[in-house]
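What follows is a set of notes on a single structure, which appears directly below.
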Amino acid sequence: MERIIFYILSAIIIGFAIASVTSRKILRAVVYLLFVLIGVAGFYFLVGYNYLAAIQLTIYAGGIIVLFILSVLLIHQIDNQMDVASLARRAVVGIACLLGSGVTLSVIWSHSFPKPAAGSQATEVASIGKGMLSYGEGGYILPFEVITVLLLAVIIGAIIVSKGIRLSLKNY
Amino acid sequence: MPAGVSLYEILTVSTLLFFIGVYGFVTRTNLISILLSIELILNAAAINFVAVNKYLYPDMLQGVYFSVFIIAVAAAETALAISIIINLYRLVTSVEVKETETMKY
Amino acid sequence: MDILSLFVTVPILTMLVLVFTRNRKQVRLVSLFGSLIQFGMAIHLLFAYKTERAVNTDIMVFVKDYVWFEQLNIHYAIGVDGISVAMLLLTSIVVLAGVFISWKVEDLAKEFFISLIVLATGVYGFFISIDLFTMVVFYEIAVIPMYLLIGIWGSGPKEYAAMKLTIMLMGASAVLLVGVLGIYYNSDADGGPLTFNILEIAQVNIPFEAQRIFFPLTFVGFAVLGALFPFHTWSPDGHASAPTAVSMLHAGVLMKLGGYGIFRVAMYLLPEGAMDWSWFFIILSSFGVVYGALGAIRQNDLKYINAYSSVSHLGMVLVALLMLTKTAWNGAILQSLSHGFMTALFFALIGMIYERTHTRDIMKLGGLLKVIPFISAIYIIAGMASLGLPGFSGFVAEMNIFVGAFQHPDLFRRIATIVTVSAIVVTAVYILRVVGIMLMGPIKNPEFNVLPPSTWYERYGIFLLLLPIIGMGLAPLWLSDMISASLTPFIAQFENIKYLSHGF
Amino acid sequence: MDFSSLLLMRHELVLTIIMLLLIIAEIFVSEKHKKNLVNLGIILFAIHTIFVLLPLPEGTLFGGMFKTNMITHFFKSVLNLGVLILLLQTGDWLRDKVANQHKTTEFFILIFSSLLGLYFMISSGDFLMFYLGLELSTLPLTALAAYESLKQKSSESGIKLILSAALASGTALFGISMMYATSGSLYFDIMTVSASHLTILGFLMFFSGLAFKISLAPFHFWTADVYEGAPISIASYLSVISKGAAAFILLVLLFTVMKPLQGVWTYLLYGIALLTMFTGNLFAIRQQNLKRFLAFSSIAQAGFILLGFLSADQLGATTVIYFVMIYVFSNLGAFGVVQAVSNATGKENIDDYNGLYRTNPNLSLVLLLALFSLAGIPPLAGFFGKFFLFMAAASQGYYFLVFLAVVNVAIALYYYLLVVRAMFLRKSDTAIPYFKCKPMMKLGLVCSVLGIITIGLYSPLYDYIFKISISLFE
Amino acid sequence: MDFTYTILIPLIPLIVFLILGIYSLKIKEKAAGIIGVSGLSVSTILSLYTAYQYFFHVGKVDGVYQPFVEKTVWMNFTDTLAIDMGVLIDPISVMMLVVVSTISLMVHLYSRGYMHGDTGFTRFFAYLSLFSFSMYGLVLATNLFQIYIFWELVGVSSFLLIGYYYTKPSAVAASKKAFIVTRFADFGFLIGILMMGFYTGTFDFLTLNDTAALQDMNSPIMQNAGITFMGFSVITTALVLIFAGGAGKSAMFPFHIWLPDAMEGPTPVSALIHAATMVVAGVYLVARLFPMFYFVDDGAALQVVAYVGAFSSLLAAVIALTQHDIKRILAFSTMSQIGYLMMALGVSGYGGDEGLGFTASMFHLFTHAMFKALLFLCAGSVIHAVHSNLLQDMGGLRKYLPITHITFLIAALAIAGIPPFAGFFSKDEILVAAFQNNPLLFWVEWIVAGLTAFYMFRLYFGIFWGKDRVYEHAPHESPLSMTLPLMFLALMSATVGFIPFSQFVSPDFVAYSTHLHWDVAAMSVGIGAIGILLAWVMYKKETTIPATISSAFGFFYKWTFNKFYFDELYLFITRQIIFKRIAQPFAWFDRNVVDGTMNLIGNSTVAISSKIKGTQSGKVQDYAFTFVSGIVVLVMVFVYFMN
């Protein structure tokens, strides 16, 4: 049963991924990406990391996709056809990517993974939250703090990049 | 873990996803769609972490936490990238890749 | 501060003072004063060495050794033997003469003299150092200023010449560097510690395989500076474009680093490699001797002629070094010295002629002996010295080389020797060609009927260079004995490996 | 753990506090005093630099996520020094060109947060911290690259940087996940690296992420374009600070965690070093724009740095750190002069420098020294660094590599001399007229020149690095 | 009795040279003349005193002349080999001292008149002193290297003196030619010295000439003589090479071409250097090493000397027949006479009467110096009078230049070998020696004797008889300063023949006595007389005979007149072969191939860099593609090819 679900999910992921990198309407591409993300979230559900799946849905599907859509709207790109790269280019890149994935897959499949260790960590939200805030072994408070700085920096960066024009126009 | 689904298959999916992303990154002519491809790549990595964590080292959640941070960083990255792209759009009213080829050689 | 380190510190101090000079007058005086001090030190060192040598039988005297980079076994190690003392004397004299000759430098005088002294510092340091690392350091210090000196104050296609010279010499130092590293990492062959110190490495039996690999690298690395045959092309262009004093220092002193380095590093540390490769390099260099001389025959630019004759004369140095006999080595060192003085004198005279006539094309000149008798007469004397006339240093050096080379019993070296000796005829041809066309014969150009006579500083420069030439030529004993006394360790190096038994 | 041990994070904490102070100041400083924020930022950072020089015990925090020891501490201080000099050189530009755009504080905050990222990357104890540090050090720079938002080039370089960075980090992540799969953990201390194919795959992908930051060929292409478009100070920061830090962390990882893979990365670095040196030099030869020129020269330098890795011993490590330090000062000197000239006249091409010596002798001398140090001319520091790198490579018998490297030195000398030629040899009627450097710029240049001259000759420094770098090997 | 003071003989001229040379622009003509002459006269007196002392008092110990040596080490080569500087006093060196001093003094005196009013007067005397110094040094040399040193110095002073009129292109060319040709010969000389030094372990004449060792087959020298180098016995090769050096200085075939051109120099110079002293240096060199030449390989090298000498004398005599420039005629006669000397040495034996050739050669060297110098000085006086070198411009001068006329006649008779003049005795001894040892050479030289007489009197009649030419101003006799030396030398030429030379000079330094061989004497006088008569018939009056003969021998005449085209040949070799075919290609090769390669390396680097610039395309996607494909390639390399 789970197996079938997995195959369906992977079909969704791969299929929509391809669609999203080939579609000539950008908005559609965004939507396809949304499906991919949802597929990934589904996969997280499947392996039992519900919290992660939730984050995937909220931040990705909820946040980033919206961001994309907004920007697309902002730059009036909804319905005009993107011109695609030349066939030769696509062919070359495609073959290269196939080659690359072939190499990677061959390496992966030729590798024998150790047997999974018994027992598994509790994955309910509370424990994850504790882990996120504990500073001992397996505690993630430091990365948590760092990511806040990162976000702050990125916000400021985004601000200065976009704030430039108006003020400078005023000054010039 | 899901019955009958081996780690190999999951890694296969993620690998394919990764290279599809690369393909998109290289072939798309529009900056925003390049960003989309990047999301694919990041997701591929995230899937790997989760799968490995689940299948091999389920006693600790390193992979899961890693994926969480990946997602967060991805969001930040995208936001910043989009702001720069929009700035470019305000300068040249286009988000085509070919607008970003003035500096070369 | 020990007596040797002064040779590095005094020029540096001179530079520092120069930085604060205000007008050209001060610049001249300061640099003159500085180079006078160096000259004095060189003289003093000469006598100090003689007295020290009397009581001290070490290979090197006045040895000082300061640890520099401990983990890398890099020391600042200095010391001198007869050879380096002679070389230091040469350097100081040529530098002093150079200062005199470039008395009238107008454009950026301060910078000019500073770079000149940087060059001198490098040369001094190279000659006093017995640590491979410091040697390489000073080598490159000496080479780099050439770029600015030629590029800024030069004439003709100076940018091209300067770039070519710098790049070729730096490429050479690239090869050299590999060789030095190779020697360093084989210096523990006998289980001792790694070391850069020449004297210590000399005690080590570096394995033959390593020697035969690293000898050519080291040799070529230095030989490019010594204008070895296929790698000499930087020298004509460089000399032709360089200002007078720079040509003097370059041909007179800098090119000597090549022969000295080959002798002190390549051959002293890698005797078996030298044995193994000497046939090849003998062919190159003895060919270079004739080649340079023949090249000089067809040139019309005075500086080109002199540059090619340098190729020929320094080729003799290389041949002599590879002949592996004490006399030939003695001759090689003497030849380095005498060529240093002679070629410096030549370039000085060429510079004076060029200043007056604004051409270096001998076909445009003629009958100068009538117009500027002093300079012309000195030119003839220099020419005679350069074609090996007895009574001048060239003869002493060449005879040592020829006799020494002939002491080596094997036929191949005999033939190489005879080829080399044949150069004395060709030398006579091109020297007399210049003398005949430029100094004798009718005056070709009416505007050369009256030319300003030589000035006091020019005369000082000339005499400074002429005296040692004649001194060496008339009384070679004091010098050649001092040098040949210092050759014994080298002999020992080669006797360790019984070079005669290698044979050909 | 008690919170006194947080003092181990002195660098990071103080820097964060400074950022906060700046934000607060931004709020309270009135319109017309905005310019003073520049001085404030620089002064605060100077204080920080000096303060954190205090010695520091070794230690590990957060369950091994954050490690600090003498060598990391030392290197962070080097970075501080570099950033300080860079800020000194940038101050005038900020004050005159930027202040009126209300962007000064942001500039400082972004620079500092990037530096903070580098700190975390350097002392990261696991891949997660490493990854976050990487991102934290890169993303603010993308914003800064696009800082001059009126210039299309600036935005272009920003886009190029962020897209390449994203791809690089994505690849690195994929690689890290593979290594996670094979080595069982993300903590450097715990993970057991084995030389299986999958590990090699993961390692290579992860390596590409760092190689991107050090701009090693073939992962270097972004460099020139980004440098050219970005503000000079950012180009300088990219080429000096972040590259140096990345080299350092690469060193740490290869010598500790990836030790089992030595058989792989030795050959890898051998090839990459050659490729990088030749690419950098061959491209640099024909550059006109000085920023591009320096970009390629810095690529070549990165190639040289790799030589030091090849002798996987303490001398090699010491040499690499030593060289990076020298490189920091030399490059800062070069960029500083370029920035000074570009601030005064807006000219950035080599031909514009014709006859510079006759109008601005001091600036030309600084540039001369910096370039000669980069080219490796004694007695400047660069020579010592390069020579020791060659020694390191030769100690393992890679004489051929050393030979090619030195050939590259000759090529490099050629194009450095092209600049020298323009400044000293050429005469030009349209030469850049004389202009006076602001005191801050002067200070910055003097500092870098001091570094260039002294570091090489002052051997105790090398000994000190050698002494403390032992902590990499226990 | 020690002869240390003889060091002064060369040193005084050296000092004079330094004084005159350094202040050549300051010292006036008169002072210069006085300084030069007085300096040299001191040397002359010393030399004569030495000769007197040596020959008549201390030299001879129980019938054998003992060599005296004073020397000091000048430079060390190896433990055994060194260059000494010193004086070697033995019969031949003393004899040479006398010759050099006499001629040189005469020339000095003569020059004061001849060079009067010349701008470079001081310089001229400086050069003369330099030459005297070098010649003395050469004569007194104690070893091969010392002789080589002064050999070079002599060459240089000859170069300077030939090129004295340095604004005259022909003079410059001649001086260059002289120096380079002799230098080329010296190349052989030097190699010879090197071989000699290596195989005998010494440069010292006395050691080399140690007859005991030379006769003992086990002595090191003879041992080494067995060694062959490129097929020849090394010592013989060395000797031949050394002789080559001598041939160069002495203008023997094939190095003779420089001598005629050397006449571009002032006439006194020709008299001093190119007639009397320097040109016989080669002969002196062979004589110095005579024991070696004689004993090593049974005189194989000596044969070469003999035949080269004979051939040269014949060649020169034939050429001299047709020349018009009187100085050139004299030059060729000099060459031919030196050929005599060489031949005489070549046919000489060792010890007792066997050594006649040696003695004769030295004797003839002595006499020849006198009358040939006299001839040149006379020629100078004539040229001084008519301002031309060419025979055509002269005639009937006997009434204008009585003294010159008489002295010239005496000299001519002397050289023609007419008794009782000096030449007769010496030449006679030479012919005798040849007659006894090598009839072929004897006949050759006999013919040459006739030719000599013929062309000398062609010259004599051509100058002093025949009808007057048009002279722009009436020729007048030269001043006393010039005629005095003439008269003195004439006296010598007339009388020195009676010196019993064999009492003083012999190969083994043992005095012995010679007697006249009437048959040979008669033959030589006869042929001489025939030659003179022919000349009388053809040239005393203007006749058409010469023209008819020359047209009769058209082709041969043309060849001889052009000196058998040797100059052209050498010119071809140097200009066409060495310069054009060798040096030019070398220069080209250097510029284009060697230098070209260097430039090519540089340019190709730049070219490559512009070739690959395309990869930096500015397209971020291309960068990404390279990025990923780079990884893939690396993975493939490390996973598949590097296990």
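Just so it is clear, A, B, C, D and E label the chains in written order, and each chain counts residues from 1 on its own.
Note that a contact is a pair of C-beta atoms (placed from the backbone, for glycine too) under 8 Å apart; a residue touches a chain by one contact, two chains touch by 3 or more.
Small disclaimer: the values here were computed from a predicted structure and weren't measured.
Student: Quickly list, by label, the chains bordering both subunit A and subunit D.
Tutor: Per touch definition, common to subunit A and subunit D: B, E.
Student: Would you pick out the chains that touch subunit C and also touch subunit E?
Tutor: Output, common partners of subunit C and subunit E: D.
Student: Taking all protein C-alpha atoms shown, work out their mean, then name the chain whose own C-alpha mean is nearest to it.
Tutor: If one averages C-alpha positions chain by chain, the most central is C.
Student: By mean C-alpha coordinates, which chain is most distant from subunit E?
Tutor: A
Student: When the contacting C-beta pairs are counted for D-E and for B-D, which pair yields the higher total?
Tutor: Counting C-beta pairs in contact, B-D comes out ahead.
Student: How many angstrom lie between the centres of subunit A and subunit E, each centre taken as the mean Cα position?
Tutor: Whole-Å distance between the two chain centres: 102.
Student: Between subunit B and subunit C, what is the gap in Å from one C-alpha centre to the other?
Tutor: Their C-alpha centroids are separated by 65 Å.
Student: Using mean CA coordinates as chain centres, what's the subunit C-subunit D distance in Å?
Tutor: Roughly 43 Å separates the two chain centres.
Student: Distance between subunit A and subunit B based on Cα centroids, please, to the nearest Å.
Tutor: One centre to the other, that is 5 Å.
Student: Residues of subunit D that contact two or more other chains, please.
Tutor: 128, 132, 135, 139, 142-143, 146, 149-150, 155, 158-160, 163, 167, 171, 181, 184, 197, 201, 224-225, 414
Student: Could you pull out the residues of subunit A that touch at least 2 other chains?
Tutor: 93, 97, 100, 104, 107-108, 113-114, 138, 140, 143, 147, 150, 154, 157-158, 161-162, 164-165
Student: Where in subunit B do residues touch two or more of the other chains?
Tutor: 11, 18, 21-22, 25-28, 34-35, 46, 56-57, 60, 62, 65, 69, 73, 76-77, 80, 84-85, 87, 100, 102-104
Student: Give the pairs of chains that touch; include all such pairs.
Tutor: Once each pair is checked, the touching ones are A-B, A-D, A-E, B-D, B-E, C-D, C-E, D-E.
Student: Mind pulling up the subunit E residues that touch subunit C in the complex?
Tutor: Subunit E residues touching subunit C: 25, 73-78, 81, 83, 145, 148-150, 152-153, 156, 159, 163, 166-167, 169, 172-173, 175-176, 179-180, 183-184, 186-187, 190-191, 194-195, 197-198, 229, 578-579, 582-584, 586-587, 590, 594-595, 597-599, 602.
Student: Mind pulling up the subunit B residues that touch subunit E in the complex?
Tutor: Touching subunit E: residues 22, 25-28, 34, 97, 100-105 of subunit B.
Student: For subunit A, which residues are in contact with subunit D within the complex?
Tutor: These residues of subunit A touch subunit D: 104, 107-108, 110-111, 113-114, 135-143, 146-147, 149-150, 152-154, 156-165, 167-168, 171-172.
Student: Under the definition above, what is the set of subunit D residues touching subunit C in their complex?
Tutor: Residues of subunit D touching subunit C: 315, 318, 372, 377-379, 383, 387-388, 390-391, 394-395, 397, 399, 402-403, 406-407, 409-410, 413-414, 417, 420-421, 424-425, 459, 462-463, 466.
Student: Would you tell me which residues of subunit B are touching subunit D in their complex?
Tutor: Checking each residue of subunit B against subunit D gives 11, 14, 18, 21-22, 25, 31, 34-35, 38, 41-42, 44-46, 48-49, 52-53, 56-57, 60, 62-63, 65-66, 69-70, 73, 76-77, 80-81, 84-85, 87-88, 91-92, 99-100, 102-104.
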